[in-house]
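Look at the two complexes coming up: chain A is in both, with chain B in one and chain C in the other.
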Partner chain A sequence: MKIGIPRSLLYYYYYPLWRVFFEELGAEVVLSSHSAKGILAAGLKNAVDEVCLPVKMFYGHVLDLVGKADMIFLPRIVSVEKREYICPKFLGLPDMIRCLKNLPPLIEVDINLYKNNKDFYSAVKNIGNIFTKNHLDIWGACLKALKAQKKYFKLMQMGLMPSEALALIEGRVEDKSLPDGEKMNIALLGHPYNIYDPYISMDIINRFRAMGAVVATAEHVSGKIVRNYAARLPKKLFWSLGNRMIGAAFHYLEQPGISGMVHVAAFGCGPDSMTGGIIERYAHSSGIPFLNLTLDEHTGEAGVMTRLEAFLDMVRWRKAAFGS
Partner chain B sequence: MRVTFPHMGNLFIPVKGMLQYLGVDVVVPPPSSKRTLTIGAKYGPEFACLPLKLNLGNFIEASEKGADTIIMAGGCGPCRFGYYAQIEHAILEDLGYDMKLIVLEPPQEYLSELLAKIKELSGNSSWWHIFQSIRFGYQKAKAVDKVEKAAFWARPRELTPGSTEKAYVRSLEMLDRSVSQITLAEAKRNADELMSAVAVDSKKEVVKIGLIGEIYTVLDPFSNQYLERKLGHLGVEVDRSIYLSEWVNEHIFMGLVKGIRSRKEACEAAQPYLRHFVGGHGQESVGNAVNYSRAGYDGIIQVFPFTCMPEIVAESILPKMRDDYGTPVMTMIMDEHTGEAGTLTRLEAFVDLLARKKEIKEASCE
Partner chain C sequence: MKGYIGIDVGSVSINIIFIDDGGVVADAIYLRTQGQPIAMVQKGLKELSGRLPAGSKVRGVGATGSGRNLAGIIVGADAVKNEITAHAIATSQVVPGVQTILEIGGQDSKIIILRNGVVTDFAMNTVCAAGTGSFLDQQAARLNISIDQFGEIALQSGSSVRIAGRCAVFAESDMIHKQQMGCGLPDILAGLCEALVRNYLNNVGKGKEILAPVVFQGGVAANVGMIRAFEQALGLPIKVPPYYNVMGAVGAALLARETAAKKGYSLFKGFGISDMEYKTGSFECPGCSNLCEVIQVTEDGRIIARWGDRCGKWSNALREEKIS
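== the complex of A and B ==
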């Protein structure tokens, strides 16, 4: 059986987990094509105007899987951390997608760790039951999947981007040396599905690298550091991804090697409007150069490039004037 | 300590009543106006939703009137509202306003903290006195709702244009002025009389519209460009998916008062379309749309602030409900830029469509 996974949203976080899990249970995993104009166009046509760019993109990716997959994996990710949510749109995503016509069957399972971390296995069991009734097989697949996921997160914390970590896991590249810290370090913060999707972000990571910067993201920071730094807020944020961004931002603001900070937000994103405001406030008071980039489906590439170049110039001059 | 709180439609009447009954020095912010919105939009985060901006404007205007303490509700997500108070306070601090913030977090999570804060606010009154004042506030909220419902019914049927509005404003003033159980009972009687004295054509056929959506923009006429009044004048009887007292019961009393509409019913009705809560009132919006369709309403208007996440989920799903039940749905999104003429044009067009649809339906029934 072919299980389709949209190459969008939390694909950038949890793909290794689900791929190993499904393959262990004897299914074949099919990904949607890479984000591109056609995928976005399909998303724009089928989603309401008000949803944010990454969700429009998600619609496109789901439609791209029609005809390629026998079933589409579309869990309802309510919560991945205790007492935290992702964002309301993730809570309603399967219901929103179900309004599309002519879709293959969807694998809809609630994943809700709001109260208890142990609830994860019960969700996994429900998914596994589609393929086998043997609990031992499901349990084994789940363990292997979690191991793969751990490795993936670890690689990212060593400074790799998701695409590089995936390539390494799948054995597609030689082991590369880690980026050296001598160059200009830029902290790039944003939802993973925005900054790592080269189409949405206009390949911001590689553009920065081509201009001579080393890019550090929130995923390069371990969960422990993130939690410690995020605890400085007067009240804990209830969005997991927002917490990660805030914690990583506070961490990077205290790293002397970081010379600039970029926050990428999707137009109309609810959590970004709040977390972005907080990060901006702290960045300003710490005096580090800060760029807030808002992306939507209309963004012209040249305009973004100009802003990135200008930002890096500013960081360079500042470095030259004050030393590092 | 001079206490203020944000506006949300007529919320100020019960809240002010309750706090004054407790003996707290209250500063009600000036009614939300263009100035309030301009201040809020200037200092609030660009993509924050409209209520945050209006709150901010309310606080600054209240501080100009001498308020030094803010009471604000909290929340535990996933809707942004749960983090409003902290963001607003940080902005006020940056602007140099030295105001104390008291956040009342939902009792499910922080009951002891909530009780301690209430005690502090009341200047250590007895729990019996606190209970009495909350009850007084709740009675006022119910009285306000009754006046509003009467106005919804009378507006499209009034014989003299503007007479409902006059009675409505006068009634609310009377309720607002009452300070004790006795004067409140009298104000309620007078308000009833005033509202029923409006001359109406009770046999008139009117179009009925259900108003659903995000709580703040549904309850606050300034933020929704006085939708209810405009619709009333276009000859439409409006019902609202949520009233003040229902909101108070759900969110502050945790549904203790029985026998009034609850969110549970709405969420059950939403099941075929939206199976999980999505924060805010997203699931209730879908459920209420189903309920209004079943109750034979001619149309539904969904209203929410620009970028409101739970309502965007609902908006994405409502077309499916509309296909099943055939009830037209219009979505109106509010932000600081909305022009009034555009709103009116859209409402007129929608009401014309509903009236025509109703005529055709009735003609084919005869």
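== the complex of A and C ==
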């Protein structure tokens, strides 16, 4: 059986987990194509009007899987961290997608770790039951999947981007040494499905690299550091991904090697307008150059390039004038 | 005379200037883009070559503005830089010690904050072009007055009316409403200036510390009504530099001087390019689902540049042809 996974949204976080899990249970995993104009066009045509750009893109990815997969994996992810929620759009995602016509059957299951981690296994068991009734097999697949996930997060904390970590896990590239942090270090914060999707972000990571910057993201910071730093806020944010951005931002603001900070927001994203505003204030008071970049479905790359170039000029100029 | 050329290709105007070795502007040409950037760059250069004293020598060329890459390829530019850096460099030379630059152009507006001669922060307008030059142009045309008189008429106002400046479309309907109520033209124009300033300070200038000396430049700085509205809103004197509408080009020329001094030669193709035939065209690459729009520029039938392809298939092919 072929299980389709859309290459979008939380794919950037949890793909290794689900891939191993499904493969251990004897299924084949197929991914949708890389984000591109055609996929976005299909998403825009079918999505409801009010959702943000990444969700519109997700629609396109689901439609791309039609004809390629026997079932599409579409969990309802409510919470991935104790006493935190994921953005509300993830809660409604299966309901929004279900309205599309001619889709293969969806694997819908609730994942809600708001109270405790035990609820995770019951969700996994429900998915596993599609393939086997043998609890031991499901349990074994789950353990292997968690191990793969741990390795993936670890690679990212060593400074790899998701695509690089996946390439390493799948043996597509040789293990090579990490880029040294001697040059200009830029902290890039934003929802993973925005900054790591080269189409949505207009390839911001590689553009920065081509201009001589080393990019550090929130995923390069361990969960423990993120939690400690995010706890400095007088009141905890509701959203896991927002907390990660805030915690990582506070951490990077204290790192002497970081010369600039960029926050990427999707036009129309409520949580982004909050986290972006908070990060901007803290960055200003610590004197680190800061840029807020808003992305929408506008394909004008000139505007993004102008801002990135000018931002790096500013960082270099300040470094030359005031030292690091 | 020996000197440097700076070219700023914007959405509404093309500015070409010539500075001498000391960085003093010797000549400036301001042309409307009229939707044909290449032809206007050619026309401007022809005009410049006719106006420069005999025996003048071009030692370097710089390009900036949203059309900087196109202009850079056509003339053979030594420096191609974003307009934020170009404006900052030019203004710090013309007004030493400047701390705030307000720049309003055809479709972009920006604010640049400098401290001790170094850019510390900047912002550009996001998705909305309300309050930029093209909107003022359009309104002047609708009211059947020349854009040159706009500011003078606004200054005659005794008590300005309040116009909603959040959005260009609503501002227009608000103006029509005020006209139909019987408000005088000077009061409406003064109200429009105030609305645009309010919008600019709320959007672009949000959260920025605006300190004197404040310099106002870009095409809109010609409008005395806008200058007065800024002075009233900020409570600070506003300086408008002598070449306020070509400051980007001045910055580009200064950057070209720096680059050419480092290299020791210039890539400038000469004034002869005014008589060559340039054509641009685009095609959709069918190679993958990205469906990139590839743009190509030809000089007398020979392809000199291609861009727009994400994978580099077309732009790299050109580079290889050149080498062989």
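Criterion: the second predicted complex is superposed on the first by the 323 of 324 C-alpha atoms of A that agree within 3 Å, B and C clash if a C-alpha of one lies under 4 Å from a C-alpha of the other, contacts with A are read in each partner's own complex, and residues count from 1 in each chain.
One rule holds for everything that comes next: a residue touches a chain if its C-beta (ideal position, glycine included) is under 8 Å from a C-beta of that chain, and two chains touch if they have at least 3 such contacts.
Computed from a prediction, not measured in an experiment: that's the story for all the values here.
Q: Do chain B and chain C fit side by side on chain A in the superposed arrangement, or is it a clash?
A: fit
Q: Quick check on the superposed pair: does A:100 touch chain B, chain C, both, or neither? Answer first, second, both or neither.
A: neither
Q: Give one of first, second, both or neither to describe whether A:289 is in contact with chain B, with chain C, with both, or with none.
A: Touch partner of A:289: chain C, not chain B.
Q: So, A:85: does it touch chain B (first), chain C (second), both, or neither?
A: In the superposition, A:85 contacts chain B only.
Q: Once the two complexes are overlaid, how big is the angle at chain A between chain B and chain C (Cα centres, nearest 10°)?
A: Reported to the nearest 10, the angle reads 80 degrees.
Q: If you stack the two complexes on chain A, which partner ends up touching A:273: first (chain B), second (chain C), both, or neither?
A: The first partner, chain B, only.
Q: Name the chain, either chain B or chain C, that contacts more residues of chain A.
A: Larger number of chain A residues touched: B.
Q: Let me test your reading of the model: by the given contact rule, A:48 touches which partner, first (chain B), second (chain C), both or neither?
A: Only chain B; A:48 stays clear of chain C.
Q: In whole Å, how close do chain B and chain C get at the C-alpha level once superposed?
A: Distance of closest C-alpha approach: 6 Å.
Q: By the touch definition above, which chain A residues appear in both interfaces, chain B in one complex and chain C in the other?
A: Looking at chain A, the two contact sets intersect at 267, 294.
Q: Can you check the complex and tell me which residues of chain A touch chain C?
A: Residues 33-34, 36-39, 199, 203, 267, 280, 284, 289-290, 294, 296, 298, 302-303, 305-307, 309-311, 313-314, 317-318, 321-322.
Q: Enumerate the contact residues on chain A facing chain B in the complex.
A: Contact set of chain A toward chain B: 47-48, 50-51, 76, 78, 83-89, 91-92, 94-96, 99, 110, 233-235, 237-239, 265, 267-274, 276-278, 281, 294.
Q: Which part of chain C faces chain A closely enough to touch in the complex?
A: Per the touch definition, chain C meets chain A at residues 66, 81-85, 116-122, 124, 126-127, 207, 288-292, 310.
Q: Write out the stretch or stretches of chain B touching chain A in their complex.
A: 45-49, 74, 76-80, 82-83, 86-87, 89-90, 94, 103, 273-280, 282, 306-310, 312-317, 319-320, 333
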